[in-house]
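Look for chain A in each of the two complexes below; its partner is chain B in the first and chain C in the second.
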Partner chain A sequence: MTIDLILLVMMTIAALWAVMARSLLKAAIALAVTSAVVTIIMFRLASPLAAVFELSVCTGLITAIFVSAISLTRPLTHAQTIAMSKNKFRRYWYLPVIMVIAAAALFLLKIKVDVPLPQVLAIDDVRNIMWNLRQLDMYGQIVLILAGSFGIVILFRESDKDGS
Partner chain B sequence: MEANNIQLFSIFGIFIVMLFIAGLYCILMTRNMMRALIGLEILTKAVTVLLILAGYVTGNMAFAQSIVITLIIIEVVVIAITAGVILSIYRHTNSLDRSTIRDLKG
Partner chain C sequence: MPALFFLIPLIGVITLNLPFRKLMKKTAFWFAAVLFIFQIVLVSSHRTSFWGTGLVQGSFFNVNFYVDHLTLIMLFSISIVSLASLLVARAMISDENKRFNFINLLITAAIGMNGIVMVKDIFSLYVFLEVAAVSAFIMITINKDKPALEGAFKYILLSAIATIMMLSSIGLLLLIAGDTSFGAISAAISSSPQSMLVKLAMAIFLCGLFIKGGLIPFHGWLPDAYSAAAAPASVLLAGIVTKVSGIYTLIRIVTSLFGFTPAVSKVLLLIGAASIVIGAFAALGQKDLKRMLAYSSISQVGYIIIGFGTGSVLGVTGAVFHLFNHAIFKSLLFVNAAAVEKEAGTVDMDRLGGLSQTMPITGTTSAIAFLSTSGIPPLAGFWSKVIIIIALWQAGYIAYAAVAVLTSVLTAAYLITMQRKAFFGNIAPGLERTKEAPLAICVASIILAAVTVGVGVFFPFVFNNFIMPVKEILIK
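Moving on to the complex of A and B:
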């Protein structure tokens, strides 16, 4: 339980860093750190397949997409960054306070979770569920991935008209 | 639910709510579209951990994992398409500020 608590605190701090980081690149890296910690939490909660997906896709692919998208935009100058960060600090300092208040309120209220448990499925193999029980969803996912890849090709291509 | 599982759910639940608040606050307060996308990603992280936790507590681990795999796939498609849309907007307006998108206002 102690390791879980440390991991949860790390996850929250990394998420807070992602929201409050001055530069976008640092925010993207903080997001990758959050994903990595979430992966370890998933391993701890006995979900190795989902954890591997999280690690490869969220920590790897999404960070690569973010970094490439950020590199295609013009960065702010040093003076602009300092001016923005002052304004940003004013807008964002409420966030840690709100988070701590919400956590304390939840801890003190001790809301009882007393919902009836769902029926445990007889199949306990992920591959079996994905390919037999959720067959239609899988076809939907394949179509979605194809649509996504076509969308990326269209949206990320360089425009020929203005020569950019 | 067993007492041990209730305690686990409560402790994880507090941190999941904190993560959710961080993501929501980021989306609501930022003017930078790329940072709003990061907020959306943090929201999805909170939901992912909640799904895995629910699966662990109820004993439906395999089903929870299959749902999370679907969630991650849809998440990456949404992020990639949205990043492309944001880049297209940036090419037109030369800014990532969402207040500059006023062409379709009214």
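Moving on to the complex of A and C:
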């Protein structure tokens, strides 16, 4: 129980760091740390499959894509960074306030698990889950990937008229 | 066989992107047109034997889709609005590569929407919501201009918040029910209706759907996304994407899972009334034609929600009927806006005027659409509004009925202003040389206008055969 609490606090801190970080690179790393902690939590919740996906995709692949995209941008100077973060704070000061209020509201509502929970199924074969139980979702994923690839073509491929 | 509505487009998109790109680029438009017409014909032929059967058992595609009367109406709306968007894309997107990519995205969006209306599993529903949303984000930015990117970005951000809310709610529901199928969740909710956990899950899910449907006060993204989107994308987005992903899903989730508790009804009525009134007042003050139509959309969606909020048979069927009508006449108005944008080069109503003289088809169909939207008999919009107002009256919500009637006058006011500024009167300086919109856009507007008039004139037949059977969703 204590370990879980520590992990949850770590996750929240890492997520906050990801949002508040001044440089994009640090934000991407903080996001990777968040995912890594989530992975541990998933392992502890006896969901090794979800944990492996979280680790490989969210911590590995996405961080790699973010870092490579950030390396293509021109970094701001130190003074610009400070001006940006002040500006960001002025514009979005209310977001942490809303978060605290929402957390307090959820705490005060005292939401407990007050329904009889069904028995969790024993861990099934991955192939069975993917291709029999959730087959439709896998097809949905295929369409999603197709749509995403059209998006990359449209947004990132320069047309001949643009001259580059 | 409903699986065909998923499989044929999917195989089609993959085939279109195989080698022989030159040939494929030429055939893409015709493939998509045949696809949507095929869907329109199959849905309107209404054969029960077709819908009940599955593909061959034990084949590679072992997926169950479910079709009821509500699904049929949605499938029809999806195909007809997609067809209109396709025709507008043919006229508005001149670059062949862009048009090819747009058509591909249009088909993936149609797959997503067909999936949304045919599944009975809350997680699959979420997957298809994402498919439709991702396709829509990209379609908005097809021209890569700054306002469109900004509109799409706002849409992505708010849509992501909506998605997170729905996903958290699905997590809670999975915890409660142990399964994600509608049947299991519905049974779990009805066995412990007073649970705080259930109420929390319901509240979060409904908020997510309100954002997706662009209802007040969750509408921040909608005017920017609608008005900045490329013309064919705004037809699709305003006509059907937000209706399917927000409003249809709301109707399905409330009737199949949550049930009409007094709290749910109260929330729906309040949000609906607020959307009707605020949307209409905001529309009155707009100068940009597409922006005005966007606010009008919020107001009209409010009518659907307020009718649905009554929970009675008449209210729910009226809401579904208005959902269908709104999909048709709002896409017609956006098709007309596309025609104006193409020929006059602007959608600023202060710089338009007298376009009916040079663009008679656009002017006439626009008049039909605006009369239907403001609820003038005998057009389709009149009947659905009347049913909603009667349902409110019968259920004893007299104040809400009064709001609905009075705002109807406002609707007429802002749409008449639009029609007068853009189409009637003397032709505005600089627009004397405009000519009628390209054939593709005219065909789209004539089809949609014909549906609006046809449904209105043959109202008893349409209502009894297609709309009234929808009441089955209320009987579990």
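Remarks
Convention: the second predicted complex is superposed on the first by the 118 of 164 C-alpha atoms of A that agree within 3 Å, B and C clash if a C-alpha of one lies under 4 Å from a C-alpha of the other, contacts with A are read in each partner's own complex, and residues count from 1 in each chain.
Just so we're on the same page, a contact is a pair of C-beta atoms (placed from the backbone, for glycine too) under 8 Å apart; a residue touches a chain by one contact, two chains touch by 3 or more.
Just so it is clear, the model here is predicted, and its values are computed rather than measured.
When the two structures are aligned on the shared chain, A:Asp137 is found in touch with chain B and with chain C. In the superposed model, A:Met99 makes contact with chain B only, not with chain C.
Once the two complexes are laid over each other on the shared chain, residue contacts for A:Thr73 go to chain B alone; chain C is not touched. With both structures placed on the common chain, the touch criterion links A:Leu109 to chain C but leaves chain B unconnected.
In the superposition on chain A, contact of A:Leu155 is made with both chain B and chain C. Note on chain A: of its two partners chain C and chain B, the one contacting more of its residues is B. Overlaid on A, the two complexes show chain B and chain C touching the same residues of chain A, namely 110-114, 117-118, 120-121, 134, 137, 141, 144, 147-148, 151, 154-155, 159.
Residues of chain A touching chain B in their complex: 1, 4-5, 8-9, 11-12, 15-16, 18-19, 24, 27-28, 31, 34-35, 38, 41-42, 45-47, 49-50, 53-54, 57-58, 61-62, 65-66, 69-70, 72-74, 91-92, 94-95, 98-99, 102-103, 106-107, 110-114, 117-118, 120-121, 123-126, 128-130, 133-134, 137, 141, 144-145, 147-148, 151-152, 154-156, 159, 164. For chain B in complex with chain A, the residues that touch the partner chain are 1, 6, 9-15, 17-19, 21-23, 25-26, 29, 32, 34-35, 37-39, 41-42, 45, 48-49, 52-53, 55-56, 58-66, 68-70, 72-77, 79-81, 83-88, 90-91, 94, 96.
Note for the complex: chain A touches chain C at residues 109-121, 132, 134-137, 139-144, 146-148, 150-151, 153-155, 159.
Residues 6, 10, 13-14, 61-63, 95, 97-98, 101, 104-105, 108-109, 111-112, 115, 119, 121, 123-124, 127-128, 130-131, 134-135, 137-138, 141-142, 144, 175-179, 188, 191-192, 195-198, 200 of chain C are the ones that touch chain A when the two sit in their complex.
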